[in-house]
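Paired with subunit B in one complex and with subunit C in the other, subunit A is shared by the two complexes that follow.
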Partner chain A sequence: MVFTTVVNFVRSRGPDEFWRKRKIFKLAAHYIGRRRNCYSITIRNVHRALVYATKGRKLRKEDMANLWETRIKAGCEQHDIPYETLREGLTRCDILVNRKTLSELACWEPYTFKALTDVARRRALDDGLKGVTNENDIDRIITRGSLNKA
Partner chain B sequence: MGTLLRQIIKNCEHLSRLSISNNLLKPGNSPLLALIATKRYSNVPTPYEVVDIKAEEKSNKEVINQVNQLVKDNNISRLFAVVHVTGKQFKITEGDVIVIEGYWPPTVGDKILLDKVLLAGSTDFTLIGRPIVQKGLVRVEATVIEKTLSHTKTHFRKKRRKQYMRINFFRIQQTYLRINKVCINGEVNNPPEVRGLETAIF
Partner chain C sequence: MSALKRVQQWATFARIWHIYNAAWQNPFHSSELIKKYLMGMHKPIYHPMNDCGDHVIVINSADIALPGDEWKKRVYFHHTGYPGGATWTLAWNLHEKDPTMIIKKAVYNSMDGNLQRRYTMQRLHIFPDENVPKELLGNVSNEIRQLRPMPKRLDDYPEKDVKEFPKVIDYPKDYVLR
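The block that comes next holds the complex of A and B.
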């Protein structure tokens, strides 16, 4: 081992207590107060933080899914079509765009998202899905024949 | 009721969906309508509708021709595309870098075409695939620029007062893909006679 300082060289001789603790202290370097200086308190907090980090990876995915759904719902509200009807309408038209993409389109490509809601609405009207009525029919943009499966 | 309506429909040619519902709601357009719009019968538009196939085809063609003209004149702005790669969908445009996680065989320097284009669009039009747009129409070129591992992630489980503690470390394979080009090749709604060879390498 190469040591850049004499201090570390001295440490390398005795029991490994210092090194064992140093691994933990390194993780707690940004903590405040006794949490970063007293080992018994540090280890408690580091363990808790690691558990949170492990659980958080899964939670982040769920949170993102919720966020996407919220964004799509906001877009749906703008175009006056329920979220469920939009998804069902798109699926029935074989447009298999997932929630992540839909939310991105709702945010950044408003015209594309409008087109997708129009397709879904046309389909919902044709199939009699709930949430859309003839009143919010669109001006014959999409024709019946083009939506049926060939 | 049915026969009456059919007569009305016969009388007016080329009725669009909108105009028939409007006509029904506005009595007075036809003398026969007054008969229907009484207390006994509903004023609700009929569930069936008149579809003028020729008019629909015409309007479809108009739209397709407009898009084709834009493509032909190279009048389209920057295209975006939604591609399906390794079970995930990415909204990409020229110059983007996407990260593909997990095992994926292509190696550094490989130039590949992303075939599964679910959607492509620019400022003036959007091509929506069912579920993918016509193969070969939208060309998405990409290069693998880097293959690495992610940072070390710690998987740590602990149960209080149960003497249970497990720690594991793992890294995920990552592939960085640079999108070189997103463009439209050929005409919309006019597929080549021999298909399936767009991406074949001879």
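The block that comes next holds the complex of A and C.
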């Protein structure tokens, strides 16, 4: 039940029963058993699958956002800075990086991520943001007040 | 792949062993912490399909502290599957029978029920006291910080320190200490 030509697809729009059902059967081509061969069962399952697909478009985005946050938080923990402070510190330094990019840096470019946390830590210490206290292990290249604009 | 990159990859995916002292800790808050290490959520390479979880050894599980009156009120349910096979066990009762069970169930329940959960639980090693087998203890390379600091009790101090501790007053001779 696969359209090999555009002509067949155009015909399937019409009122003819065979072509109407053919459109549904095409969506069920990868099902197993009666789910792909009996129309009344097929239409039920195709409807359900389309509902799942609709919901899944939203869920996929949420899942990815959750994964990014988990990864960033893991990276933050390694460099001893809370997630909120990192985001706030970077924003104040005009480093506008989104969660996706941050998580990819944390995963694949750990040294780049560490540099970003250093910047955010310096800024957080200068501005007195919460969650950052020990100043000893900070990168010495970024000195006090150097991130504030004159 | 160069030798450096190869070793880097081994190091990235190596399982680390953590140790956690459960003495005087809330098992339900601790379970969230332990879960993070068991599932590998403390690593930036985390992915649900990525088998990057670590091992955690929990010691002193007999000395956990339940909040409030939960020892008396918390109930653990079990069903044998047969009619009338339901049992309800109070937390203090379960703890007497098996001092590792409460923390084990807390960690198990803190994770989502999926196919990976039982394999993740196999990486959790709980001991009621500090007697951990040598071969397990040899693997440990990190200690997880306790959620609450353990206060030192008065009877843990040497008697000399207690006696020499500065006092504001001396009790009168006829004062009855209760």
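Miscellaneous remarks
Basically, the second predicted complex is superposed on the first by the 129 of 150 C-alpha atoms of A that agree within 3 Å, B and C clash if a C-alpha of one lies under 4 Å from a C-alpha of the other, contacts with A are read in each partner's own complex, and residues count from 1 in each chain.
Note that contacts are C-beta pairs under 8 Å (C-beta built on N, C-alpha and C of every residue); 3 or more make two chains touch, one makes a residue touch a chain.
Since the structure is predicted, the reported quantities are computational estimates derived from the model, not experimental observations.
Superposition note: with subunit A as the common reference, subunit B and subunit C can be accommodated side by side. Looking at the shared chain after the overlay, A:His47 reaches subunit B, while subunit C stays out of its contact range. Of the two partner chains placed by superposition, only subunit B is touched by A:Ala115; subunit C is not. Residue contacts after overlaying the shared chain place A:Ala106 against subunit C, while subunit B stays out of touching range. When the shared chain is aligned, no partner comes close enough to touch A:Thr133: not subunit B, not subunit C.
Counting the residues of subunit A touched by each of subunit B and subunit C gives the higher count for B. Applying the stated contact rule after C-alpha superposition, one finds that A:Arg71 touches subunit C and leaves subunit B untouched. In the superposition on chain A, contact is made by A:Asn98 with subunit B only, not with subunit C. Between subunit B and subunit C, the smallest C-alpha to C-alpha distance in the superposed model amounts to 14 Å. Judged by the document's definition of touching, no subunit A residue lies at the interface with subunit B and also at the interface with subunit C.
For subunit A in complex with subunit C, the residues that touch the partner chain are 67, 70-72, 74-75, 77-78, 103, 106-107, 110, 113.
By the touch criterion stated above, subunit B contacts subunit A in their complex at residues 16-18, 21, 45, 51, 53, 56, 59-60, 80, 82, 88-89, 91, 118-119, 121, 123, 126, 128-131, 153-158, 165, 167. Across the complex, subunit B is touched by residues 47, 50-51, 53-54, 57, 93-98, 100-101, 104-105, 108-109, 111-112, 115-116, 119, 134, 137, 139-140, 143-146 of subunit A. Those residues of subunit C that touch subunit A in the complex are listed here as 41-48.
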